[in-house]
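Following this line, the structures themselves.
Both complexes below contain chain A, partnered by chain B and then by chain C.
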Partner chain A sequence: MDNIAGTKSSLVWAVNIAVVVLVLLWTIPTFGLLVSSFRDRDQIATTGWWSSLFPHEASLRFRIGDAETQRQEGEVFVIDGSVFEAGGTVSAFGTSNRDPAAHEPGEVVDFGDGISGTVNEDGSYRVTSPVAFEGRSPRLFVTSVTPPRFTLENYDRVLFAQGLGRAFLNTMTVTIPATVIPILVAAFAAYALAWMEFPGRSLLIASVVGLLVVPLQLALIPLLQLHNAIGIGKDYLGIWLAHSAFGLPLAIYLLRNYMVGLPREIIESARVDGATDFQIFLKIILPLSFPALASFAIFQFLWTWNDLLIATVFLGNTQDQLVMTGVLRELLGSRGGDWEILAASAFVSISVPLVVFFAMQKYLVRGLLAGSVK
Partner chain B sequence: MDQLFMAGGTVVIGVFGCVAYFFLSNMILDAVWPPRGPDAGRNILRAAMIRPWLFLFPAIALLAVYLVYPVFVSIWLSLHDNTGQRFVGADNYLWLLNDRKFQESIRNNFLWLLVVPGGATFFGLIAAALTDRIRWGNFAKAMIFMPMAISFIGASVIWKFIYDYRGEGRTEIGLLNAVVEAFGGTAQTWLTLEPWNNFFLMAVLIWIQTGFAMVILSAALRGIPEETIEAAILDGASPFQIFLKIKVPQIWGTIAVVWTTITILVLKVFDIVLAMTNGQWGTQVLANMMFDWMFRGNDSGRASAIALVIMLLVTPIMIWNIRNAHKEMR
Partner chain C sequence: MTSRFLAARFLATAAAALLSGAAAAQDLKFPPGEDSRFNWDSYESFKRDLSGQSLKIDGPWGGVDKALFETVVAYFEAATGADVEFSGGDGFEQRVMIDVEAGSPPGIAVVPQPGLAQELARRGKLAPLPASAADWLRENYAAGESWVDLGTYAGADGAEALYGFVYKVDVKSLVWYSPENFEDMGYEVPETMEELKALTEQIAEDGETPWCIGLGSGPATGWPATDWVEDMMLRVNTPEDYDAWTRNELAFDDPKVIAAIEEFGWFARNDDFVSGGASAVGSTDFRDSPKGLFTSPAQCFMHHQASFIPSFFPEGTVVGEDVDFFYFPASAEKDLGKPVLGAGTLFVITKDSPVAQAFLEFLQTPIAHEIWMAQTGFLTPHKGVNTEVYGDPTLKKMGDILLQADTFRFDGSDLMPGAIGAGAFWTAMVDYVGGKDAATVAGDVQRTWNTLK
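And now, the complex of A and B:
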């Protein structure tokens, strides 16, 4: 609509470029870690992830095999082998560090003392000498080009060896009931707050709005003591209850705002037809409120899946209770430099929320708008 | 796997229990005061007095136990010693006032308050204004919004990798250090660089929250009446003037909502600090300090006192929110 009075094309370009920059700034951090999670350990530690997207050029210093590996072929003694352990392409090689890229692959070069040899493109070398090799064998300087190489090994390792697979199950165990249970409880309460007349209603609504922002830090110690006192201790039941209760204010608030907007006529005509409140709620309000229910379910799912604080407090850190965010935190502490482990673990833990996010973005946006712009 | 069955079972029991509770309680109410017979009128009125509370009871009970009751217990605990046995009056609060780490936390929390809500709202507003003007705007929005789905701890891993430092003579694999070196600077251990490390932590939260600000502000921008913009265009206003003088003033209300929402989040910020520095090198914040005293210090008195300080800081916004909600209901 801003474009009705012919926008300047230079401005359009500027806007496009600015958005490209913003999008890059916001995606590159995640992308970098994603790429790293597929790289092998040694490569992550020695080169930046951005260079892994292109063929990687490196200079190797290499000492050919020991004198013991030589064998005699007719008149000459031979040492051969490969400069690579895992493959690559040689683009140049040399025999002294003054000019490490002096020769093309395949060229036969004089090493001095009658020794000569060559390095082929695939990295195999062959060095020959008229007399037996003794002492330290000659050095080779190789410029190699390694193609981008990616592996699923890291994921294999974190899921099965680092216990992340188990943590994944634990997270699911926490998340599913903690997402479903508050919905129904909140829906009934929201209906009462939206469509039933009773004294104290506006006070209750105000309390719900107030409870929306109560810092959870306040609830941790008293509730942990309460859970211990009534014998729930640190177990799944406790965290389900805690997550459900902490999600309730938002659920009630979102659902009430949505239900208030439903057309009054439908509800009143149902009342006239003799429907009870229970029937109205179950057969009219609940199906009509589906978008709001979906919005809240996504919020609650993301929140419980991504939570660290409540899980740390209300669950133990034994293997059968530690959730993925907890594992990530421990890994950050104990294996802070092992980026292949951290990257793969982080992506296992954020993959599910990302899928939910992209699949249900419409409802998430709608929920955000209902919850904030008022 | 057993666990998942247990979780599934809990869902079924929970949902079934809820429905059964509401169904039975309503049935009992109708049986006690049936809406028919000679007293039908009076019974309906009486039942109508009770019924809302049947609908509300489970929610109120959960909220009371999990959110209201802890406030009072926390106040009580904050006036007692580390075991919660001996009454110590205001000692915990006096200790807080003189504690160096607490002063540092308060300072940092205020820094966060100054930078993060403003930064996220600013970038969100720019992203909203720009993406609404281009054809691939929805894709761009989804990309900028995406960090919202990532956990704070996941985001911490992502950003710690950006700030990574390898040391002299080694190839830097952290993006920030690589960029700095490419421009001729020297690599730094960003996370221990006081006081700037605070800002590197804040960048993470701004990165996460910009999408939230963008989505809400974009909706508000689209809700601006077209006539005001048409009139401005006819009067010859430039796109920048339209944005700054016509659009932004009309969405002040929404900007305030975004700002306060992020402010509350900032006051409770915890995971990022815990994961990236654990409050070392001058980066401590209240929520992490509270966690520290609760778990490592094992001192429920001091931890509760810190939690109450957070509550105190949140209270003005809480009151403001309640007032706004109240105004709308009329």
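And now, the complex of A and C:
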């Protein structure tokens, strides 16, 4: 009896390290996504998010200001400016794709056709020509060290996307009833399945568990057919029913398993005192089941919040009917190449479920029953 | 109180946004009668009264394309008074199947794969177009007969009829390059397939990398290679062989097909010819691969891809200045003319109504083409339009490639059954660039096809 409560196992440090490593492994991808959401598309395409945190060397191709920006200085025409938008240090430059790092900064280089110019270390350039510049202006190849650069533009695009406000309302109109309805139905069903004696109860429980494995994709066409036949068509009522139906098996299963674990003594003493089943359910079971109800509510809310498939099938795809996921998907471009938008919209759409989670958390307390029975 | 006030304000803003959106849809992008380049007569003569009727159109276009198509729809609405609602976006193929099967189809579906339209027709879910539409296509579209064939399928009763009307075409036989990089090295744009191969070898000899090829596309990985092989099919074999191939009358493992696959392999399976080496081809994302044209120093000099690719070029890239394209050339030795590979969208009627028929008639007017031509991303084989309308010289140049084509063939993988064209063919191409030989992968595809018969 050495390791009774109070003495620490000598392997605690190993457990701690393992936990820290797991937590790191778990959060690094999310952190990477967060960093990516502040980078622009070209940055994401060329370098990994980890290199964006430090100054790094990059080779860039730059076209000097076009012919309209030239000005005449005595005999020569000049175009000048800076290759950087946000600062950096030039370590070499060139004028041709053949040798992009041919010259030291400050060196005056012949571009051909009498044009000559130079790039300084701070990125400023000056190109001169004896005749006026026309058409396509020359290119510069610059090797430089650029400081980390982040942008809020992705969030700007996501948050102020056309129709996002409307889509937010649509999503709320879908998710709130689609979370409340299955909880209401499932709580009654779970009480009946847990505490009311009737023939075929076990069979009913087994079939509910069996329904858990039915993939919802299988039911899309028949269900929509049914909705069309009974005149619901594609509307909110239809999507509430669909979400509720798809959520019910899990809800009943979760709640029933929780309720069956409540102490028999409480329910029996209530019966002895003359309470009806409905009173027992309302006054005893429901308040005691709050942790289970809250956890299912979080599940169902997340699932309906993130859903795109059911929404497009049962609600339609027009501008007035789109849910948030639909609008965000549209932002990704018709061929889905815009990773920066994907990253930013992930963090935007995660915000509401986070609020729901923390709001519900206080109900997830254990020990509601502590001391109720001896 | 505050939160209620906020919610009310939010609602009001949303409602205002909705209203202004509805108002904007009524605006016509180019005021009728003003710009003389447009064929306003066709707009005026189309006018009819369909007010009070409504039409739903579903299609694959989201984002920019959706907004552009809506500018065209606005003219139809203005000309007829009908109410048209376009609900486009990703996942169209699944959506339209579910809607049609469940009995709530849109009025018109915009189908990018003829294979899908054919399947819908076979199940009896499409309304045939009037015979006059076929005659119209023959007369007014360049290479008209091939467009009629493309939209003609057997219905539920087995009788063939025209179901699909092609509107909006993409050209796939394009090679993108940076003119200045070519100038720096002294390269010329090749006119024939032989010159293209010589140029490829020349670039490799100079110590540079000629091609950027990337097949990655998530679950659709491999499709960019099908475009290569289809282009090669048209350059080593006759168009008749190509048609037979898409219908599997010419076996997938026929030596003619294997020859085409190996032509693609000549470019893609040589470490010196592709950026990152042959092993990188299968894993590079097709959206990232053209970026090699713009790096410093350039990772590659050429990129074979369809007309949509400029949307994946780095921001600020100017087509025609920073980057340009040339026609993926035909072989000079073989007398196969100038074949062009392309794709397009078919308009089919999924729920017959006078307004749906009227909309397809509207698509026959030059103005329906010119409105989109004058903006971006639209090509048309319509011979009656004024090509001066094209929004930028690049589009006009692509349009010319289309109009000058001796042969136009639709993307073969879209014509094949889904399990092949969007399955076995893709994986075969990934296997092929991964090192398996052409005969083996072609044999694999043919075996899958046999199981479908």
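Structural remarks
Just so we're on the same page, the second predicted complex is superposed on the first by the 215 of 374 C-alpha atoms of A that agree within 3 Å, B and C clash if a C-alpha of one lies under 4 Å from a C-alpha of the other, contacts with A are read in each partner's own complex, and residues count from 1 in each chain.
Operating definition for what follows: contacts are C-beta pairs under 8 Å (C-beta built on N, C-alpha and C of every residue); 3 or more make two chains touch, one makes a residue touch a chain.
Note that the coordinates shown come from a computational prediction; the quantities given were computed from them, not determined experimentally.
Judged by the touch definition given at the top, the superposed model places A:Ser96 against chain C, while chain B stays out of reach. In the overlay built on the shared chain, the residue A:Arg329 is in contact with chain B and with chain C. In the superposition on chain A, contact is made by A:Phe141 with chain C only, not with chain B.
Residue contacts after overlaying the shared chain place A:Gly163 against chain C, while chain B stays out of touching range. In the superposition on chain A, A:Met196 contacts chain B only, with no contact to chain C.
With both complexes placed on chain A, chain A has more residues touched by B than by the other of chain B and chain C. Within the superposed three-chain model, A:Asp320 lies in touch with chain B and with chain C [touch as defined at top].
Of the two partner chains placed by superposition, A:Gln72 touches none, neither chain B nor chain C.
In the superposition on chain A, A:Thr46 makes contact with both chain B and chain C.
In the superposition on chain A, A:Leu220 makes contact with both chain B and chain C. Overlap of the chain B and chain C interfaces on chain A: residues 45-46, 169, 220-222, 225, 308, 312-313, 320, 329, 336.
Those residues of chain A whose C-beta lies close enough to touch chain B in the complex are 1-5, 7, 11-12, 15-16, 18-19, 22-23, 26-30, 32-33, 36, 44-50, 169-170, 172-174, 176-177, 180-181, 184-186, 188-189, 191-193, 196-198, 201-202, 204-223, 225-226, 236-237, 240-242, 244-246, 248-249, 252, 276-278, 281, 302, 305-309, 312-313, 320, 325, 328-329, 332, 336, 339, 342-343, 345-346, 349-350, 353-354, 356-358, 361, 364-365, 368-369, 372-374. Against chain A, in their complex, chain C makes its touches with residues 10-11, 13-14, 17-18, 21, 58, 60-66, 85-91, 95, 98-99, 101-104, 178, 180-181, 184-185, 218, 285, 287-288, 291, 294-298, 308, 311-312, 314-315, 321-322.
If you check the complex, the residues on chain A that touch chain C are 40-42, 45-46, 59-61, 63, 96-100, 136, 139, 141-143, 162-163, 165-166, 169, 220-222, 224-225, 227-229, 233-234, 308, 312-313, 316-321, 326, 329-331, 333-337. The touching residues of chain B, counted against chain A in their complex, run 1, 3-4, 6-8, 10-11, 14-15, 18-19, 22-23, 26, 30, 48-49, 51-53, 55-56, 58-60, 62-63, 65-71, 73-74, 77, 84, 123, 126-127, 130-131, 133-134, 136-137, 140, 142-154, 156-162, 164, 170-175, 178, 207, 210-212, 215-216, 219-220, 226, 229-230, 233-234, 239, 242, 254, 257-258, 261, 264, 267-268, 270-271, 274-275, 287, 290-291, 294-295, 300, 303-304, 306-308, 310-311, 314, 317-318, 321-322, 324-326, 328-329.
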